[in-house]
Amino acid sequence: MKKITGTFVQPLCGGDIPAMDWRYEEYDAEFALMKKIGIDTIILLRQMLGPFAAYNSKYLKKLHPNMWDVSFDYLDMLLKLCEKYEMKFYVPTYNPGHDWLLDSYDPQQEFEFLVPLIDELMEKCGSSPAFAGWYFAHEISRKVAWRVVDLFRELGPYCKKVSNNKPIMMSPGIQGPKGLIADLYPPAERKARSVTFEQHREEWDYMLSRLQGAVDIIAFQDGHPDYEDLETFQRINVELCAKYGFECWSNIESFDRDIRNPKFQVINWEKMRFKMRSAENAGCTKFITYEFIPFMSPNGCYPAAKYLLKRYLEENGINNITL
Amino acid sequence: MKKITGTFVQPLCGGDIPAMDWRYEEYDAEFALMKKIGIDTIILLRQMLGPFAAYNSKYLKKLHPNMWDVSFDYLDMLLKLCEKYEMKFYVPTYNPGHDWLLDSYDPQQEFEFLVPLIDELMEKCGSSPAFAGWYFAHEISRKVAWRVVDLFRELGPYCKKVSNNKPIMMSPGIQGPKGLIADLYPPAERKARSVTFEQHREEWDYMLSRLQGAVDIIAFQDGHPDYEDLETFQRINVELCAKYGFECWSNIESFDRDIRNPKFQVINWEKMRFKMRSAENAGCTKFITYEFIPFMSPNGCYPAAKYLLKRYLEENGINNITL
Amino acid sequence: MKKITGTFVQPLCGGDIPAMDWRYEEYDAEFALMKKIGIDTIILLRQMLGPFAAYNSKYLKKLHPNMWDVSFDYLDMLLKLCEKYEMKFYVPTYNPGHDWLLDSYDPQQEFEFLVPLIDELMEKCGSSPAFAGWYFAHEISRKVAWRVVDLFRELGPYCKKVSNNKPIMMSPGIQGPKGLIADLYPPAERKARSVTFEQHREEWDYMLSRLQGAVDIIAFQDGHPDYEDLETFQRINVELCAKYGFECWSNIESFDRDIRNPKFQVINWEKMRFKMRSAENAGCTKFITYEFIPFMSPNGCYPAAKYLLKRYLEENGINNITL
């Protein structure tokens, strides 16, 4: 089976996932482990959450005067660790959380808002040999988010221009019954509220046609659909990506979306294995996960994560790790 | 105080309790520990949950074409470990989750549906010296579930016939304010919605009278009633079981039902001790728990579980374990 | 930065925070660690919760016939450990949970109710060299709780009289959007429902004026306001405390109030650091936390707590601990 070779990281602490309170020492050990098991790609999830930034961005501080002076530069740390371990680092563009379903969302305005941040990030990361590409952080899933597509059509070419054509990745959702829909509707209604195969195909055919040249890699999240529907969605994704010339990765979520209280538990290995086989059958070309830390880490805040990793290593015949 | 000598296990991963992602190596170590502290009875909670089975059941696969091919035979593992450690293994009958409150629930049809599964299980487990009995997995609590009683009246004799009269266990609830009722009603209404002592007595008098010969052991769950009411309910249970010739065990839950966010935390030892004393006072003859793994395990996903076990061992004068 | 030198403890197990199931052996090791990092003050949160007491109080048992006989005297253990490690122990007064917003709440009656308990506590703790003061356990936050102020005006002088004038501490809330208000209202309404700076100033000016001589130390909880408002509230607190002659401590909460499912996770260090700096800027004279165990303990039920402690020690230049 294809191995997981990339992971998101979010040292900021989460909106929903508990903080690990790690710094260089702990991340260094974790990167050594990730390297050993074949991770070669690190994607920072975001550079700001609430008043809380991954580095003391002068530009974000200007926009958000309440932004805290953080006591540690996580972005710099990640760059250095990716250099040390020869991994590829994807730099996120900030999602300011504006509501893209409203007419008041102006893609042009959001583009102009993001340009100075892109410039600042280029200054910070541009010369690092680890800087491998961009991650567009707006997590869309349906055509109703067409304003974000308009934004990406401006943002993509700009990022490529300033970065000597670095590739751009995005990780959209498939609007199945387990995400936002589970938060909004009772169990019996969720399936009916979910996107159908045909809607998904039609909407992403349109969106990918418009994203050509602006984005290079689509890594759909795999956690929202029902298991029995997943492979069909993934086949549609692979097919559409092929049609328009995108790479089609799979974002194999390593947390469980079925358990709702408490949320964000380590996924059962059988479920993760099922999703990996499904993505492999469908033809996805690279597997990344959301996210190795803490859900697959023997050093993190979930004791069960060690066993998930153990099962993963067994299945993939990786024997050089003692857990 | 009487010791806990049995436990449910659910290697499948839970609907509500996080997955441990353990396999033979981890379960083997855990069985060695359980043996050492006096556990002699293992009850598998279920053989299927969602698309997810404890073994590749040909029969369940026929019924649920979406059932996954699991990569590991948990049922076989449990049988082998029970043989190795000379423990008694209770085999669950599958609860397909049909709504037994509806007239459309046909006990005869459910019986016919379960017969080939019983046969398959006999083939798989029948010759194992560890196979000690059946666990009827439908968790009922009130007379409104009379259709399940009708089912058990068919299912019990069939299981006994094919298994050379192996005993049958069930583990019903006492409909106190802390289970389903807490999910459905605000705190102020929960007590009024709960079963009264007299209702419980009347309804279980009727149900046990009809279950004679079909079931042998009743292990009521102890987590739903208020603490102050528990012993009274347990005395009623013991009395009714004596009247109709059942063994009356107690299912001492080792997780906390008072903490609602996050749910399913390790119980405080004082609460568990209270429930054990209450069951002892009432005259229950064997204690089982839901469930040793992870709530009493020093190796599981809850760090506090080690200390619950430590307190339990101290109270019971078990000194041969280093934690 | 000023260090955290005090912490609440609640060995009882929580209403909301999972039980640790620790006893003398585990607490002894933990006290040794706390001593090493500069903790000199221990405040027991409460002596009873539900039917569950920190010691077999004859008086509380008379009031609550359903109170359990606990198998271990946590109050005695804490006294002994504070003696051993030369720490100051604050003894809680019981909060019976009567609704102080109702006219039926009679401060005089509650006072008379508490007097025999104070006497019992004096008998139990009075001769211990560790007994350093009282903790008034009613957690109020707004003037609407004026009946509790009336109670404290009776209770304070009584406690001082019988205890040779030991100081009295209370730890009220600042009614920001993250506590009770978050439980009651959707996110969009929470800020508008929160106390304003001026309301807080006006109400606490009144309450502190009436609490002079009855209470000595006010340690406001720091978790409910928005981060950007915290320092302003704390400056008001310090100013009012100076006006009326109270010591103004800060209760630096070490759990995260932003993550709502699951609740009660270890706080991110950046957030905790922000709150400590804010309290320092405002002029609070002592930092306590709710609570070292489990949220900052390397031995507790949250694996991330070890790293929170590590960051805290680094920031404060404490190098004599191996974690």
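Order of writing sets the labels: A, B and C. Residues in every chain begin at 1.
Everything below uses one rule, namely that a contact is a pair of C-beta atoms (placed from the backbone, for glycine too) under 8 Å apart; a residue touches a chain by one contact, two chains touch by 3 or more.
Not measured: the values here are computed from a predicted model.
Novice: Can you give the rotation angle that fits chain A onto its twin chain B by Cα atoms, in degrees and rounded to the nearest 5?
Specialist: 120
Novice: When chain B meets its copy chain C, do both sides use mostly the same residue numbers (more than half shared) or mostly different ones?
Specialist: different
Novice: In whole angstrom, what separates the CA-based centres of chain B and chain C?
Specialist: Distance between chain centres, rounded to whole Å: 40 Å.
Novice: Spell out, as numbers or ranges, the residues of chain C touching 2 or more other chains.
Specialist: 261-262, 302-303
Novice: Which residues of chain C touch chain A in their complex?
Specialist: Chain C reaches chain A through residues 227-228, 256, 258-259, 261-262, 265-271, 273-274, 302-304, 307-308, 310-311, 315.
Novice: State the interface residues of chain A toward chain C in the complex, per the touch definition above.
Specialist: My answer: residues 12-16, 18-23, 26, 50-52, 66, 68, 70-72, 261-264, 300-303.
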